[in-house]
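Below, chain A partners chain B and then partners chain C, in two separate complexes.
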Partner chain A sequence: MGDAAIERWSRQQSVLHRRDARAKIGALFAFLAAVSTTSPDSQIAFAGYALLLAAVIAAARLPFPGLLRRAALGLPFAAGFALLLWFSGERARALALLEKCYLSAAGALLLVATTPMPELLRALEILHLPRTVVLVIHFLYRYLFVISGQARRMRWAASSRGRLQFRSAAGALAVLFARSSARASGIYQAMLARGFSGQFPALAPPRWRAADAAFLIAAALASAAVRMAL
Partner chain B sequence: MPVIRVRGLRYRYPEGAQALNGVDFDLEPGECVAVFGANGSGKTTFVLHLNGLLEGEGSIEICGLPVIKQNLARIRRKIGLIFQDSDEQLFLPTLIEDVAFGPMNLGMPPEQAAARAQKALERVGMGALLNRTPYHLSSGEKRRAAIAGVLAMEPEILVLDEPTTSLDPPGQRELADLLRDLPQAKLLVTHDVFFARALASRAVFFERGRIAAEGTVEEIVARFNWTPR
Partner chain C sequence: MHIPDGFLSAPVWSAFDVLAPPALGIAARRAQRGLDERNVPLLGVMGAFVFAAQMINFPVGPGTSGHLVGAALLAIALGPAAASVVMASILAVQALVFQDGGILSLGANIFNMAIAGVLAGYLPYRLLARAHRSSAIFLAGALSVLASAAFALAELILSGVPVPRRVLLLSMGFFFAGALVEGGITLAAVRAMERLNPRWFRTPEETAFPAPGWIAAAALLLVAAGVLAASTYPDGIERLAAAHAPAWVHAPLAGYSFQGVEPPWLRRVLAAAAGLLLIYGACLWAGRLISRRSA
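Right, the complex of A and B next:
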């Protein structure tokens, strides 16, 4: 999540970036439902989903190599199960598992890469994800950059005094934890100073346009069509 | 009537260190006072008492209101604290939301809070950056955004803890110009003698948890040899 490239992509302009985050979340779910229920034998359907994704990536004017590489990050987790299936003779299912995993990751990535985090979180909240969960994601996202910056500076400081060793790395982790906890209490004090009383207020909700509905319906129909026809 | 009135303030940290040891202090309306003192002399601890974040012995009144639990909500709209680390003060996804956080906590409807936030951001020269995320800003912009977050609550007093930390010289100049134009009474906790000279008409010097001396900035600087070289 703390990926600066994805953050930058999410603030570009395109027909997909302009869509309401709720429409994109809905479209993603339709796509995931179609992919996950596709029969392992129907390789042509997976090609169809890939084409669909490619069309959307092109429409969103995102760079193919960077996006496709990041979507592969989830593959090692699925690879273990795929290997098991492969060696128990279920080669089609092993291949399909990897394909489904990759397509799903690419779809989810596409949502994050075309939607600024604040809009995404607001949409999740409107869609009744519990406020606490939304806030936890938000704070994680907001301070991931701050804490990773702190970790980087500590690593620089350590390596400019020699090689960073495992033992000192463990100690550094403890210091990082202590600093993060001190920062958390600093943030809380700053919130109290501005009258925080336990309730997080939210500004105006986003507007839902006809184009958003059209996008959602088109995406759902396209996913369903690939699922049924191929 | 002073906007801040502190009498006999004492505080001991739970770990046992005596941080404040009988502080008496007044801040008059419109006045700007610099707070000097060595690291660990109690300056920040003092400031955290002014809006009730820490609770010590003695009495504090903000605009005539005693700092006690029942008054905290009213006191926190009268006195705006700007912290040393702006990253800790800017925690919402976009600037406009962050600056509107205070007014929303005052119970304002969203449109009105957003209008207040916009006005405050324009006041600090950041009206064009409403929808930016805080971590994409420079240090100077973050500091001004943090000030906007406090101004949006329309406080009568501004308290700034080390406001020039991590600002480049032009950033420090801009901040001084901005603060000079703001009508609120101000308390500047700082090591920066140049900055204090530019803004403060009076200075106090903290030593071992109490105010050891007060006078003009020049008097205090001369008496404690309070310059970097």
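Right, the complex of A and C next:
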């Protein structure tokens, strides 16, 4: 998994990285809604969205190849349905499906590539996502790579001993569960010992500046303009 | 089956984006009540576990392999409310960090897997675990996958993704195979875990009630079947409504759209949201009534 890339990207510096996470979330929704409601026949509008995204990627000083490759991760799934559409004679819709899927994925990727996860979760909490859910996502993201690493090592070990049988795979799952559960209680004890009250203490609350409002309005207007005009 | 953005039409994704957050809020509140207030690390780490468990391949038949989906396993291990919260968190991280599933379609994905999938997995376990433990666990895994897949397929069809009859039958076949695999993996995993530590899974106690439970299970199955049937034969439903519904029911939802609102897609959004809200309210009200009577 090359997920260190997102962590690295999100900690760079740029105009876009400095914007408030709430502004970026709002801009993403405006963009996604515009893309989703665009008629499949207006190919030129999709080119317009691509140009918008390219401008934002350039402004965020993110590497094009890496970003574009990552956004394509969901395409195989879409390609199946696109083929179905293509062979039932709706070529424009087949093309539009792939384009919408790719543009939306690239847009979402831009949000996480310019916003560190803690900042993003803080913004979601301010936007009234239930606090339990925010905390669970926080811990999930934090321990995801640790436990995935453990699973990968177990898979290596098993495959070097020969083909994994169904029952031994179930055993591996159980051991992984036991280790995760032990780790969870260890984490919990350690956090209680340090005075965890069920809530992460917030550092300075995010400040909403004029530039954030300007960015949000510009992004929403640009998306709407492409949607209406092209 | 994570639906990416670009597949669902605006009425479908917006309706689910409106409905999923309150449902998730209810689950979050119940999960917090059932747990020590501060023990969220457990839920987060369990989410990471399911994520990592999906990397362990189970050989199924010649040359193919499956992996755990996990909704039923979580529901059995943590209870339905906490399992919903954990599944929703997994889906959010998959959409944000791994580009697996869309952002606008996150509401629909959460509904399919974290709400319908978890409930469809928990109810058979809750109702049958004392009498037939193994088959209850198997059924939990199988039904949770089946319910999620049925809803996802229905949403795609409702969004106008054309699914020819032959492809529909084929995908149903895949769903059933997938359901059997998930049932088998869930059962094998729970058994192996119980050998390590029998205290992880408590068999639910026989409390007085199961009536609302049975009704909920039946309702879920009916809704899943109904949604699938409705999306396969939309004309049939409209004809039925035209023939039998009194005028006041029919008028505001005519053709699933609101009159007098300008852009047609917005009309359909409003109609879809209103319809779902009505059903939601009716279920809530019926549930209240039944639980009061049985108490």
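The rule is simple: the second predicted complex is superposed on the first by the 193 of 230 C-alpha atoms of A that agree within 3 Å, B and C clash if a C-alpha of one lies under 4 Å from a C-alpha of the other, contacts with A are read in each partner's own complex, and residues count from 1 in each chain.
Convention: contacts are C-beta pairs under 8 Å (C-beta built on N, C-alpha and C of every residue); 3 or more make two chains touch, one makes a residue touch a chain.
Note that the structure is predicted; figures quoted are calculated from it, not measured.
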item	value
Chain B versus chain C as contact partner of A:Pro118, first or second or both or neither	first
Touched partner set for A:Ala193, first chain B, second chain C, both or neither	first
Which partner, chain B or chain C, touches more chain A residues	C
Touched partner set for A:His138, first chain B, second chain C, both or neither	both
Touched partner set for A:Arg183, first chain B, second chain C, both or neither	both
Chain B versus chain C as contact partner of A:Ser39, first or second or both or neither	neither
Chain B versus chain C as contact partner of A:Ala151, first or second or both or neither	second
Chain B/chain C common contact set on chain A	138-139, 142, 146, 183, 187, 191-192, 196-197
In the complex, chain C residues that touch chain A	2, 4-10, 13, 21, 24-25, 28-29, 31-32, 37-49, 51-53, 55-60, 68, 85-86, 88-90, 92-93, 95-104, 156, 161-164, 167, 184-185, 188-189, 191-193, 195-197, 200, 265
Parts of chain A lying in touch with chain C, wherever the complex brings them together	3, 6, 28-29, 32-33, 35-37, 70-71, 73-74, 77-78, 81, 84-85, 88, 90, 97-105, 107-109, 111-112, 120, 129-133, 135-144, 146-148, 150-152, 154-155, 163-167, 169-178, 180-181, 183-185, 187-188, 191-192, 196-198
Sites on chain A touched by chain B in the complex	116-118, 121, 138-139, 142, 145-146, 183, 186-187, 189-197, 199, 201-204
Chain A-facing residues of chain B, complex	48, 51, 53, 73, 76-77, 80-81, 83, 85, 87-89, 91-94, 96-97, 100-102, 104-106, 110-111, 113-114, 133-135, 149-150, 153
